[in-house]
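The same chain A turns up in both complexes below, where it pairs with chain B and then with chain C.
Let's turn to the complex of A and B:
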């Protein structure tokens, strides 16, 4: 992964120095070992701020929305999962492909920062991905952690280690084995009785803070004005209560239905660990079962089952 | 050896369950509960066995017990020609157990806001009805920096009853009539501490303070903030801000709210006070359409400077208590301790 970082910096420097892009959005070192952060590199000499390591989880494509209407072009670092957002933004008419340069990274899978912190047991470590696992290093010591045990939850069901769209690709291509079952948890929840299922979600939504981090981090949430922000009419009550929280999450899931690329950012950012991704995955499962549709963003252009009517559409719910 | 004051002494670990048994049985106990892996929240607890003591700090601060996220402050019945107003029922008396010193300090930070020139009756009533049981820390967490604000991690005056862990039990200090009453009703008797309680607390404070790793010195940050108000730093920092409300909602001292009227089709309804966040675009949007904080840069700067400067200049109190929650929860690693260092660094 060291090579990826070095190549990334070289590419960024080249793009900025040559005037091909005005800004490179990538990952940089965070304030503590378990954190990385988005960095916005606007000069060639700042390219050395860029890194790539197994903590680079955030889907940076969301930031494109801040720059797409400005003159010039931005480069964005995308992993396989993030790259689906680019295709979907184009399908949604949200992005002109010419406005972005995609620094694609063939990503072998990320590590869970909490598990790494616990394993390190100290506050001065760094992590690198190696073929055998995740290598933790600290001054005067190191430890190799088995990949399977420390792999981030979302990476366990990775569909695209290699970006589906990019302008350059960094790192060796990764053999995409068979994708593990992404719908196991959805099926578990489906198998509950309606009462059990209601109790399951009610308990989770009861602790929702309505901080809207799931919405703000979501690359499919592109509305200029969100209905949850409109005071009049008040579509969903701003009074925080289990019922209005349920309404919020279901409305949000429906708004991104058929457009959610399953990047897992809603899950990652939730401060109270509500497994929001499973709601979206329920919809993804329906798409797969009813229409044989792949995860949105897998290719572009692609059929959009929920935005298209065909007389052959299954109508099992009618 | 005699107890130095009648309201200080030690209790054993099993005594803790006895102390809380009454309020738990009455449905008045709110305590930290491990809600999910990595999530500890203050919640009603019916059985003292269900609460957790294995936490550095709760994921969300307990301020909601005194300042609920959504609170009905007025109701009306509809249908008739005249609006029939009523006051919502009184809040329940509570015993709020397990509040850490950073969150206890937050009560003092919020007191001039809600109890100052325009006393807030809702806050006031909940303060009166809540017995706060503080619990000193045993280990600083990875994001903790309360000591930077001069807070002792083991004791704080805001608690009605302060528990400081001293192996093998707790040093208990009653600090108000409410604390004394909780102690008296529980039937738990305090044992004489082998050492003077104040000395014991000082010793524990020193031991724990030395173990903090996030050392920041906020001296001078207020002056820096004033000088650097228009610095491009804020725009650069805000590039990565998602504009969500996590930092404000997990914070023990953020206190902004909005007032919302909701009316049902039958004309009945209520007026609610709900937490709001200065990170939200609509927070400062005016009826004219003008927004004095039009971008995330102004909004993020406002939150950080409210913590580091405005609260201090208005009330003489630090607006941050070093609980570290915003650092832990921010999805894009905006770290207030780093902001302090950056601002000071730009001044030299």
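Let's turn to the complex of A and C:
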């Protein structure tokens, strides 16, 4: 992965120096060992700030939307999962492909920051991905952690290690084996009784702080005025209560239905660890069952079952 | 249909949702559809999760 970082810096420098882009959005070192932060590189000499390591989890594509109406062009670092958002933004008419330069990274899978932190047991480590696992290094020591145990939860069911859309690709292409079953947890929840399902979700939604991090991080949430922010009419009550939390989560999921690319950002950013992705995945599963639809963003253009009518559509309510 | 399945997934009785295409000139059809839904809801217990007030 060192090599990816070096290539990334070289590419960024070249793009900025040549005036081909005005800004490079990528990952930089964070203030704690287990976190990286987004960096916005606007000069060639700042390209040194860019890194890529197994902690680079953020889907940076959402930041592009802040620059799409400005003159110039923005480069952004995308992993396989993030690249689906680019396709979906184009399908939604949110993004002009000419406005972005995609620095694609063939990503073998990221490490879970919390597990790494616990395994390290100290505050001065760094991590590198190696074929056998994740190597932790600290002054005077190191440890190799098995990949299977420390792989980030969302990377365990990765559909695209290699970006589906990009302008350059960094790192060796990764053989995409059979994707493990993404819907195992959805099926487990479905197998519960209605009362158990209600209790399961009520307990989770009761934790919700209504911080709207899931909405803000979501690359499919692109409305300038969100219904959850509108004071009048107040479609969903802002009070933190079981009823309004349930309504919020159902509405949020339906608003991204058919456009959710399953990048897992909502799930990752949730401060109270509500498994939001299992709600979105229920929808993805039903889209596959009802319309045979693949994960949105897999290709562009792609069929959009919820935005088009076909006489063959299943219909139980006419 | 998707929303109904989602409701079922979070433990809300799917019978609570009904969608029908009814034109403004089809008053009787509308009345019948609402009557049918109301009759179906009579058989269900109240669901506190769907009330406005906590």
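As a working rule, the second predicted complex is superposed on the first by the 315 of 318 C-alpha atoms of A that agree within 3 Å, B and C clash if a C-alpha of one lies under 4 Å from a C-alpha of the other, contacts with A are read in each partner's own complex, and residues count from 1 in each chain.
Here is the rule we go by: contacts are C-beta pairs under 8 Å (C-beta built on N, C-alpha and C of every residue); 3 or more make two chains touch, one makes a residue touch a chain.
Everything numeric here is computed off the predicted structure, so don't read it as measured data.
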Field: Which of chain B and chain C A:51 touches, first, second, both or neither
entry: neither
- prompt: Should A:213 be classified as contacting the first partner (chain B), the second (chain C), both, or neither?
  reply: first
- prompt: Which of the two partners, first being chain B and second being chain C, lies in contact with A:64: first, second, both, or neither?
  reply: neither
Message: After the superposition on A, what does A:16 contact: first (chain B), second (chain C), both or neither?
response: neither
Message: Looking at A:103, would you say it contacts chain B, chain C, both, or neither? Reply first, second, both or neither.
response: neither
Task: May I ask you to decide whether A:202 touches chain B, chain C, both, or neither, giving the answer as first, second, both or neither?
output: second
Partner chain in contact with A:189 - chain B first, chain C second, else both or neither: second
- prompt: Looking at the overlay, what does A:8 touch: chain B (first), chain C (second), both, or neither?
  reply: neither
- request: Considering only touches as defined above, state whether A:36 meets chain B (first), chain C (second), both or neither.
  value: first
Message: If I apply the document's touch criterion, which positions on chain A are contacted by chain B in one structure and by chain C in the other?
response: 237, 239, 241
Message: Touching residues of chain A toward chain C in the complex: what are they?
response: 186, 189-190, 194-202, 237, 239, 241-244, 246, 249-250, 253-254, 257, 279, 282-283, 286-287, 290, 306, 314-318
- prompt: In their complex, what parts of chain B are in touch with chain A?
  reply: 35-39, 41, 59-60, 69-70, 142-143, 213, 236, 239-240, 242-246, 248-250, 258, 260, 262, 272, 274-275, 277, 280-282, 327, 329, 331-333, 335, 337-338
Task: Going by the contact rule at the top, pick out the chain C residues touching chain A in the complex.
output: 1-3, 5-13, 18-21, 48-54
Parts of chain A lying in touch with chain B, wherever the complex brings them together: 30-32, 35-40, 58, 62-63, 66, 114, 117, 123, 207, 209-213, 215-217, 229, 231, 234, 237-241, 268-269, 271-273
